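The structure that follows is given in the form of structure tokens.
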Amino acid sequence: MKILYFAWLRSKIGVPTETVDLPAEVATAGDLVEWLKTRSPRHAEALANSKVVKVAVNQEHVPYDHPIAATDEVALFPPVTGG
Amino acid sequence: MKILYFAWLRSKIGVPTETVDLPAEVATAGDLVEWLKTRSPRHAEALANSKVVKVAVNQEHVPYDHPIAATDEVALFPPVTGG
Amino acid sequence: MAIRVQAEDFDVGAEYAAFTAGRTSVGGVAMFVGLVRDIAGGEAVSAMTLEHYPGMTERQLEAIEEEARRRWPLDDVLVIHRHGRLEPGDRIVMVATASAHRDAAFESCRFLMDWLKTKAPFWKLEATPDGERWVEAKDSDDAAAARWAE
Amino acid sequence: MAIRVQAEDFDVGAEYAAFTAGRTSVGGVAMFVGLVRDIAGGEAVSAMTLEHYPGMTERQLEAIEEEARRRWPLDDVLVIHRHGRLEPGDRIVMVATASAHRDAAFESCRFLMDWLKTKAPFWKLEATPDGERWVEAKDSDDAAAARWAE
């Protein structure tokens, strides 16, 4: 699965994108955020406060209970601040 | 006293402005509207429905109980429709 | 601050450029431009003539602007209103407000338009296939202005 | 209809002119232009960099526009949002809506700005004397967007 990071999530994790092999038990957006925390201390720190970690699946905002599949484009980012 | 008419009040009465000598008993904007009705059948018809006859004294909107003096600039017009 | 009542057309882009030139404290500019429609009340309109009360118009617009500045923190306000004969598609009015904050810009711009429609002494005469007719004041405009009563 | 996400600046006057050219059924155009302020949260801001999520940005803006057209009778909608490095006074965003009626134009323009601030994937990085900092989302923006919940 391809994962994109934006804004301070990107700079804290240190890469704009990474490709991961998901274990079978990671079924939702929320599962993914939890699982990503175990990848490195940088991931753990960046994703510590899930209130400010938003998830988009295939370019649509989704809640944490949204299912994810290996072919999805998943993006993690802080609350948006455009306009 | 100089009186100005605008929009359909002007076209119904037939003049944009007229100068009148007020009798002493005409003390308010409302008195003036009533008194003007007696000047001609055109005045009477134009001013028949006082709901749609607005009064400004010295270029400020005023209610009918507003006092008027001979030196005031008084204007009568329908509800405004600009913008 | 600028209040202008004029027969001449105005250039929205040039007005916007002058309004914001050199400003770095403004976060948002809200603008409204009112135009002559080719249809009104179901009838075709070929032209519109705007009559106004010179002197009182400027006075009322200045009072409305002062009220807007009292209510919202505004960097600047622009109101241009035309009079005379206009055709469909022609610009009638432009209001622009600048503020550090977008809510203040949006609200003051709408406030100015609502008050202008109910306080500024302008009257519209429409030319239709059945002849000329004076536009009647709308209850909805009074209701819109009443929203802002303090 | 036009949604544009671009690094280049835009010309408000030219956009307005193109937006209204040849239209005679539009009674009002509401516009909002968002600009970079030289101060934010009490600190001087020398520059701002807007990051976005290409693809999702356009998708979200199109969805927001569709929603606005569903809610109000609009003749046209324009949304331009820049990304990249900007300086104080620079334009960030422009929204314009055209309708026969001014309330529809005003409300839809504000709706678009409120939703854009809470849904469109843009992030602002401010350069201040203390270094760079990511702008935090404001509760007031969420509250503004919540106004429009149906």
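Chains: A, B, C and D, in written order; residue numbering restarts at 1 for each.
Basically, a contact is a pair of C-beta atoms (placed from the backbone, for glycine too) under 8 Å apart; a residue touches a chain by one contact, two chains touch by 3 or more.
Here the structure is a predicted model, which is why all the values come from computation and not from measurement.
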Neighbouring chains shared between chain B and chain C, ordered by label: none
Chain of greatest Cα-centre distance to chain C: A
Computed distance of Cα centres, chain D from chain B, in Å: 48
Interchain centroid distance [CA atoms averaged], chain A/chain D, Å: 26
Length of the line joining the C-alpha centres of chain C and chain D, rounded to whole Å: 23
Of all residues in chain C, the ones touching two or more other chains: 34, 102, 113
For chain A, residues contacting two or more additional chains: 83
Pairs of chains satisfying the touch condition: A-D, B-C, C-D
List of chain C residues in touch with chain B within their complex: 34, 50-53, 55-56, 59-60, 81, 92-93, 113, 116-125, 134-138
Touching residues on chain B, where the partner in the complex is chain C: 4, 6-8, 10, 56, 59-61, 75, 77-83
Contact set on chain C toward chain D in their complex: 11-14, 16-17, 20, 22-39, 88-89, 100, 102-103, 105-106, 109-110, 113, 144
